[in-house]
Every structure is written in structure tokens, then in C-alpha cells.
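There are two complexes below, and they share chain A, which is joined by chain B in the first and by chain C in the second.
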Partner chain A sequence: MGGKEPSALANYVVRRLLEGIPVVFAVLVLNFLLIALYPGDPAQILAGQEATPQYLQQIRIIYGLDRPIYERFFDYLWAIFHGNLGYSFFFQEPVTSLILQKLPATLMLLGTAMVIASLIGILMGVEAARKPHSLRDGVVSAVSLLGYSTPNFWLGQLAILLFSVNLRWLPVAGMTTLTQQLGGLAYVADVLRHLVLPASVLGVYQVALIAHLQRGSMLEVLRQNFILALRSKGLSERSIVYKHALRNAILPVLTVIAFDISALLGGAVLVETVFDWPGIGRMVFDAIIAGDYPVITGTFVVVSIGVVMVNLVTDVIYALVDPRIHYR
Partner chain B sequence: MRATNWPARIRQFWVRFSKNHAAVAGLVIVAALVAVSAGANLIRANDIFNINPGQTFESPSWSHPFGTDNLGRDMFSLFLYAGRVSFEVGFTAAAVSVLLGTLLGSIAGFYGGVVDDVIMRFTEMFLAIPILLLGLTILIIYGPGLSHVVFVIAVLSWPVTARLVRAEFLTLKEREFVEGLRAVGAPNHVIIFNEIMPNALIPVIINASLQVGAAITVEAGLSFLGLGDPSNPSWGYLLQQAQTFLTRAWWIATFPGIGLLLAILSLSLIGDGLNDALNPRLAEKG
Partner chain C sequence: MSDSLLDVRNLRMYFYGSSQVVRAVDDVSLSVREGEVVGIVGESGSGKTATALSLIRLLPPNARIVSGEILHKGKNLASLEETELRKIRGAEISMVFQDPMTFLDPLMKIGDQISESISLHQGKTSDLKVKVVDSLRAVSIPSPEKVLDYYPHQLSGGMKQRVLIAIALSCEPSLIIADEPTTALDVTVQGQILELLKTLVRKRRGLSLLLITHDLGVVAEMCDRVYVMYAGKIVEEADVSSLFKEPKHPYTQALLTAANSIYFVGREMVGIEGVVPDLTNPPSGCRFHPRCQYAMPICSEKEPILIDIGTSRAACWLYPKK
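On to the complex of A and B.
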């Protein structure tokens, strides 16, 4: 924190939070316009493709589709601020409670993928930067290029073919073994066995990205004078790299990891679909197939706001941790 | 700024580009994939919608190098046609997105002030929103179909280019030659399009090949989620079809994925090569 004025920091945090408001508002407007500007019958979108004429009429009255657009917009905002995102005819449940129900599985998948990928990616990046243009560096570059270029859902299919179908090491899909009633530790172990493949597959792109960034950031730090000073003091290379250099080189990488959450979420939709993982992504896929619009627009709103929040929190934490940051 | 000898410049470009062997390999692979996809009709005249109930789930053989699917269709023919769709969407969407980004980025960078603020706020917003989710929301409301997919990808991916172009314009507009043009009363549109733009295009060109790869990836993802066009199957669409038969026929999922991987990987290598050739100052790595 080193001698920062608390008021300057508080100002920065408040300003950053205020900057988030227009983005959230824009998401809400965008979502509203997507439905409102639909050339057909918006009631059809809100109610879903399989709605009965009676239900459609009910929707028109509830949403006041005959009224002017600005009145409808305020009603829509009102509903969203009260946590009402509509009703899913396919899942037969309010969208809000549906999302809350599916969220833990997605967070578990994202969290696991992110932690594993960060550890592996940072390690790979550091090791590559220690000996630039060596064989080790080349391998890291090749692996990250490959990881960057492989569509994760296809990688998931290959992983299922290899580890589940051929080798029979891991389950093909789902989060639990449905045929068995497991309790306690056996249940946890069962979930973990189901988690291994989807989390690894989801993490591959992140490993590629993180390794690449960490390599660049580490190379820059290793060129600085204080590293030379530490070397001349006779510190071991391992201690210089992992204790002193990494502390300086890791921060920009961690920020990018946090900012890349929206790409990771997109990836999770695909990976959950491949592995039938019962989270938000699989729910979205089921909703697409069923033409269940409220689930999709509701998820878009919730996830976008979530991403904006995560980005804000990252910025604030970054400001707290890094004494060099300028409060713009 | 205009004294250019194009043939010499192109030769110089190629000399630098060809030093990057991986980039040349990438170029060869993309060219080969585009060529076989474009010539799908000549290579495989089989109608891809030709259903053969007697030949379902045949593993790869001489007559069906990539096997057959659940309807007995030849997967090699499907692979070629689907590659054409993937590339068409990739190149068109990237072209539209680069044009849009270049236009908005140059306006923001050149005029600055409120115009810049408004455009950059939009850019940041689009960068913060989960693109795949917005894309599928639009497609589910307005219906799938190739032109919609191209539109969605283009509209969602312009911010990257806009940022690059804006940054170039911010530095270029302060240069002496722009001051000079202003002094002699050259109109803004001439300064923007004829004078600054050609100098700002290098990062755009380098980025464009990555944009094509990104567009192909997003299209594959959207198709995989069931938003593809069944009458114009792409590689992603084939992978969606393969999901159902994954445990039964490995070849249905394997080959379209290899196509995707090769295309995206090669486009990324070409981007590296373009960077080396056009940005010689930055080419020294490490």
C-alpha cells in the first residue's frame, strides 16, 4: 500500500464503480432493444415458440405490448431490479431461480479450470523465460500456440474419445454417477472424477494465454537492474526467479486472467454442452434447442453484469495491491 | 509520404515474410484448405445430402477416406463443403469487422474529444460483454442462417480493430505532414483516408489474419450450440452432429476438428509472419 492517501484511493474506487453503471445500463438497453425491435411478435419471444394463444394474450397484457415503448422499457427495468427475468416454459420455472440453481456447477467448473490453468500457465511461462530461445522455450511456445488454436469443444470430444471411451478411466458426461446413491467422501470423489476432463479442457486455452503473457512479463523483469544486483549478491537462481522476479512479473498476468473471464464463460457454455455438465452453459444449450428465449436473454443479462462486476473488482484490487498504479 | 515503388516493396515484404518458415507453412496450409474447399464440386461430385441407408457408420476406407455418418453420407465430401462454409463466414465476417473497426477507430482517433469518448465507451462495452452469449442471444431471436451469423460476428468483433486504428491515428495526426496538409487547407476526409489511413494500416493487416481465425472459431462455437444453418453445414455444425454419435464413430468428430485446428493455427502463424515482415523493428523477439 506504501504511503498512499486513503482519500485518493477511495475516490478511485468510487469513480471506477460509477464507470460500471453505464455499461450495465447499456447491457439492459441492448437486451431490451433486441426483443423490442424484433420485426415479428415480441410476445412470441417472451413466451417461447410453443406458447398457446391464451398464454400469448396473457403475456401481451402482462408486458403491456400495446403501450408505448418507453413505458415498456421502464416496466422492464422495474422487473429486472426486482430480480424478475421472466419464466421458462421449458424448465417450468422462473428464470432467476433457474440461474441461481445452475450457477454453483458453473462456478465450480470455472474456478477449478482457472486455478489449474493459472498454476500450469505461470509455471510454463516462467520456465520458458528463464532460458529464452532454448528447447524448453520452444516447447512452451508450441504448446501454447496449439492450445490457443484448438476449439475447446472439439478438444472435449477428443478427450471423451480417448479417456472415457477407449481407456475407460473417466466418466463420459454429467456431474455425478446417476445409478449410484453415494454419500460423504464417496460423493465428493465421484464429482471430482466427473470434473477432471471438463475442467482440464476448459483450462487449456487459459494455459496457452497465461504461459504466453507470463513469459513476456518475466523476460522484461529479468532484464531489470535489481535482478543483476541480486545475482551479484550470490542468491540462487531459483530464489531470484521464483521469489523476487515472479512477484514483480505476476501482477499484469493476474489482471489479464481476471479480464479474460468473459472468454472463459463463453468457453464454459461449449464445454458444459460437450460434457453435459449441469451448469449455466448446458442450460443455455437446452434453451437454444427448445427455443426458450427468456432463459437466454435472462442469462445474457445476469452473466454480462457479472462480468462487468468482476472486471471492476479486479481493477480495484489491482489498485490496492500495486503501489505503482496511477489513479486516472 | 508517397514515393513508393510497389514491386520492390512487395519483393522486400516477401523476402522478410519467407524468412519465417512457420508462417510460410501456415500460408501453404490455408491456401490448400481454401483451394480444396472451393473446388469441392470438382473433387467430390457426390451430393452431400445424398443419403445411403446401406452405408451408415462406415469407418475410413479408400472409397470414404473420412468414413460415413449416421445417414451414410460421405464425410470427406461433407468436410470439403463444410470447409467452404467456415472459410466464407470467416473471411466475410472478418472483412466487415475490420472495415467497421477501421472506420470507427479512425474517426475516434482523428477527431478526439467527445466523438472519441463516445466511440471508445462503446468499444469498451463490447469488449466487456461475453461475445458468444450476445451472439447466440441475437441469433435465437432473429433466427440462424449464414448472413445473420456473419453479421453477428462482424458486429461483435470490430472493437479490436477500432482500438488499434485509433492508437495509430492518435500518434499520426500529430506528425508534421498532417500539420502541413492542414496548413494548405486539405479537407478532413482527404487527410483521414488518403494520408493517415495508408500509414495506419500495418497493425490492421497483421491483426486481420487473427480476426479471420477468431471469426471461424466463433462461427464453429455458434454452430456447435445448434445455431448453424443445416442447409449450409460448417465444420462446427459437423461437430455438433458428431456429438450424438461420439462414442460410436470417432471419425465423425475427428476430421472436421482437424480442419478447424489447421485453419486457425495457420492463420495465427500467418499473423506472426506478417508481423515480422511489416513490423521489422519489433521482429527481434525476446
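On to the complex of A and C.
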């Protein structure tokens, strides 16, 4: 009984990390099989259509394609544990260093989209739930439905046409203005200007999702008895809603957002492509067009581990906020 | 009636549904004096909770106070601004609810839930923690310093109800409204909580208790004066000894008979034939007449009003006006 011990929390984190291992392992197996069992000659896929027979033979030896499948699997695991995700023929670079180069741009895009979308979505959901079936609620539901069902590549193109081409408020694409050498604050401002449209477009779906979930969860909490007790203490509606109810209502929303992170990544591929944002998504798109398998599968591995980590962090936050969760 | 702490006059509170109106509180007048324990007793659905919640306007959006006055220390709570009312809730008049399990914020420590009330109404003083510990001590919670850091789920039902009473008491209110405070608790714990409430009212000068219950045993043990409520109306008012010795209204008599024959199924009172009428369309005249063994023609035609009958008051056509 009593408060939670820090060592109990550490134990919990370690245990959850250990539980993540089988998931990551399953991803690695799947990933391996994806290449190994792909119909056709894997050497051909790896080398591309125009490869000469000599080159194909070379590939087979480099990748050990002439050896039994279980040996290749252990080689593959060994390589991955050493941070080696293969070599990209298309980009002419090791996949690991490619991913590391592109990761910051993607994290910036996802992070910005996520933070802004969460703030707006939560606010919309809460305000809608405070007055269910009011005009305010109707507007939130309509906006939410619209955002939910609008494909973001289409929205992206529309946004470029409006804000970049017609109004000329914002840059068309990319992450920096290539024609100018900017330094310091000017550079930061330039990147931010480039970030506005793709982050907004990527965030629209998230706003819709979060607003919808937050509304439902908030309605549920506001119906509970302890809300009445809080009102009987003389608290204002605002502090009841934002101090007590929100804390209770946000946890389930957080979990669903974390679960949905893969949808966000899928969205990032499209948005980065539309806006020519130099991140992982754009790279994967190019790799798919070029049939550059090491890049695709390498990204798959990294992203999967990322998703497992995000879910772990969510669980830890949940356990920290909700005292009823015991670190089993 | 000038010595009344709370004086409710002709209060009507209706729930508005999409197609119908529930007349949950229909022309109710009652008063609570300083230091008094007043009971409201009646079957389920008679409008007891609705009355209690109306007093500090803790009402859902579909509810409206249609008419009447709720006078408390020179203010009419029925028409007071919401911001002014919030200064009274929890500070002057506080509530204790039926089911302690669900009336605490599950994510907040006990200590914080108490200090929230105190700092809201009295400001964040340096002795806040002392006050919180004192309120826990006042409701006889063992090792209060430890309980401060507990979350609600770590406490038993009885302890939670003590915490809720501590919160209700924390700002030294003049009135506590307790809506069936023991119904959801184990029988052994029920006695302890009632005992606690009784001691508190006796010890704290200026504290009154409005106790809502459907248990006449609780009334006998706790109350000075009682209102008997039926279908949104007060049908009898009496001091406790008169009520038990000489119940005037046939409904009160039926309640007593039922209680004495000890037909309790679970915690529901049984034994009076029929059910509380639908408050969207209550019977004409006296609302009890369809279930009353003494019903006369006039009972379904004209509504009786409360009249003095000895030391009691009752609304019944059996008693001719003097």
C-alpha cells in the first residue's frame, strides 16, 4: 500500500522491455521471410532488372543466397545486432546511415504534427463534451468527420495550391530554401516555414481522431459520480473539467494514439512525398519505386522497434498517472 | 421560523424530458434549524435526492427550479448567481453521497482532495496540511498522516465515506446534506458512520444535518424532526417521538407497519402494496389515494394541504380543518 516505489517502476520498465523482445523478434523473422520467400530470385530483386549474370552471382555470394536458409537467418540476425541493415544499391550507402540521416527530419515532422494535433484535438474534444449536442459539439463532430475522411495526399496538394502557389504565403516543398545560404535564426525560421504545411496536413487526421476519442472519453467521465461530488465542493466547471475530468479522460485516448502511431507513419510516407520532405517516408517511397529492398526492410525493422518503444512509453505514463494500475 | 438555518418555501423542481416533465419536487416546504438533525424519509423514487440536489442547485442540465425559495442566511439560493452559489457549496452547505466508492476522484490522493476544498474556500494558508490532517482526525481515520498519500482505491468503503465526510466538514459548514450515507455500506460499518455523524453534530456548535434515508430505523436513531416525502410532496412533518408514537398520514402509518414487520429484501423497503406513481403524470388529488386503505371520494378530487394536527402536520383529508 501507499505510494509507488521508484524501484517498482524500474522493475516494471525492465519487464515491459523484456516483453517487447518477442515482438521485435517476430518482426525480424517476418522481415527475413519477406525477402527469403519473395517469389522470384532474391538476387534479381536485390540487384535490379538490368544486372548482368556476373553481378547476380556476386550478389548471391555477398548475401550468402547460395547457403541454407537457417544459416542465412543467423547471419541476418548477427548483422542486425551489429547495426548492419544492409546496403542500398539505389542510394549507394549503408541502410543504417541512410536511416540515421533521414530520421531527424521525420521525427521533427511527426513530433510537430503530433504535439499540435494533440493540443487541438484534446481541446476540441473536451469543449464538445462539455456541451453535448450543442452547436459547438456539432461543429467539432463535423470537422472531425471531415478530417477523418480526407486523404492527406489530396489535402496536401490542395494546401500547396492554395497557400504556396496562389497565395504564396508558404514554400511549395522541401525543408529548406536551397537557393539561399541561411544561418542561425534565419535558418530555423526557414525550416519552420517549410514545416507548417506538411505538419498541418499530417496533423489533420490526428486532430480528427483525437477530438473524437477525447469527446467520447470525456463524456464518459463527466457522467461519473465524483464529478457531482466535485461540484458540491464548490469547484468551478472549468477546474472540474480541466483539472479532474481531463486527467481521468485522457488516459484511454493516449493509449489509442499510441496504438495508432503506425497510421501516422503511413501518413508520413504520403505527406513527405507530396511535400518533398527529406525524411524516412520520402526515402521509403523512392526505395519502393526503385525496388530497393534493403532500404524498405531496414526501415521496417527500425520503425517496428520504434512502435514497440512508443507503446512501452505510453504504458509507463499510464502506470505513472493511474495509481490503480499495479506493476504486475 | 426566524431561527431557521435553511428555509425552503414552495420549491418546485422539474426534470424536462424530450416529451414529458417529471415533477420530482412539487411544492416542497421544509426548514432546518441550527444544530438540528432533520430527516427526509420516503420510498425510492419519491424525490428525496431530487430535493437534496435542488437545495444547492446541483442539477443536471435537464432540470429546472420552477418556483420557490431556498433561504439560507439571508440569501435565496434558488435565484443566486452561480458564482455566488459556488462560494456556498462546500463551505456553508456540503454534501455526503450515497455510494462512497464512486464519489472520490480515483486519480487524486486523499490529502489533495481535502486540501482542494480548504484552499478553494479559505485560501492557501501555511497550515493547510495541519487542517487536512485535522479533518481526517475529526472523522476518526487512523494514522491520518499516512492516509493523506493514499489513493481512494486503497481504502475500504467505510473509510472512503469517512473521507467524504471529512471533505464535507473541512470548511466548517453550517449544514451537511447526507443522501443515504450508509445505504451502500456493510451493516456493521453503517452503524459506525451514523454514530460518527451524530457525534459530529453534537460536538460542533452550529452544525446541522439534513439526513435523507428510506430507513425508519435510521430516522429513529438519528433525527430530531422528520419530513415524510411521497411522490414529490411532503405528506407529514413531525418530531421523531410523535412520528413513531402517533403517525398521522396513512402513508407514514404504512411505512411504519412495513418497517415493524421487518420485510426487508436487500435494502429495499417492501410491504406497502403498490408503487410510487409515475411523476410525469401523478394521480389527481392526494397522490397516495390509489394505495390508501382509507381513500374517500374527496381524496381523488382535491389535493390536501399540510395542516397542524397536534404537534405534527400532515396533508390528509382524514383530518378535518379546525
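The definition used in the following text is that the second predicted complex is superposed on the first by the 302 of 328 C-alpha atoms of A that agree within 3 Å, B and C clash if a C-alpha of one lies under 4 Å from a C-alpha of the other, contacts with A are read in each partner's own complex, and residues count from 1 in each chain.
The rule is short, and it goes like this: contacts are C-beta pairs under 8 Å (C-beta built on N, C-alpha and C of every residue); 3 or more make two chains touch, one makes a residue touch a chain.
This one's a predicted model, so the numbers in the text were calculated from it and none came from an experiment.
Once the two complexes are overlaid on the shared chain, A:35 sits against chain B while remaining clear of chain C.
For chain A, the partner that touches more of its residues is B, with chain B and chain C as the two candidates. When both complexes are overlaid on chain A, the residue A:122 reaches neither chain B nor chain C. Within the superposed three-chain model, A:289 lies in touch with chain B and out of touch with chain C [touch as defined at top].
In the overlay built on the shared chain, the residue A:226 is in contact with chain C alone; chain B does not reach it. In the superposition on chain A, A:197 contacts neither chain B nor chain C. Chain A residues in contact with chain B (one complex) as well as with chain C (other complex) do not exist.
Chain contact summary for the complex, chain C toward chain A: residues 56, 58, 86-91, 94-95, 97, 99, 102-108, 116-117, 120-121, 146, 149-151, 153-154, 164, 167. Within the complex formed with chain B, the chain A residues making contact are 22-23, 26-27, 30-31, 34-35, 38, 45, 132-133, 145-146, 148-151, 153-154, 157-158, 160-161, 164-165, 172, 219, 262-263, 265-266, 269-270, 273-274, 284-285, 288-289, 291, 293, 296-297, 299-300, 303-304, 307-308, 311.
Chain contact summary for the complex, chain A toward chain C: residues 1-3, 224-226, 228-236, 244, 247-248, 321-324. By the touch criterion stated above, chain B contacts chain A in their complex at residues 121, 124-125, 128-134, 136-138, 140-142, 213, 217, 220-221, 224-227, 236, 239, 242-243, 246-247, 250, 253-254, 256-257, 260-261, 264-265, 268-269, 285-286.
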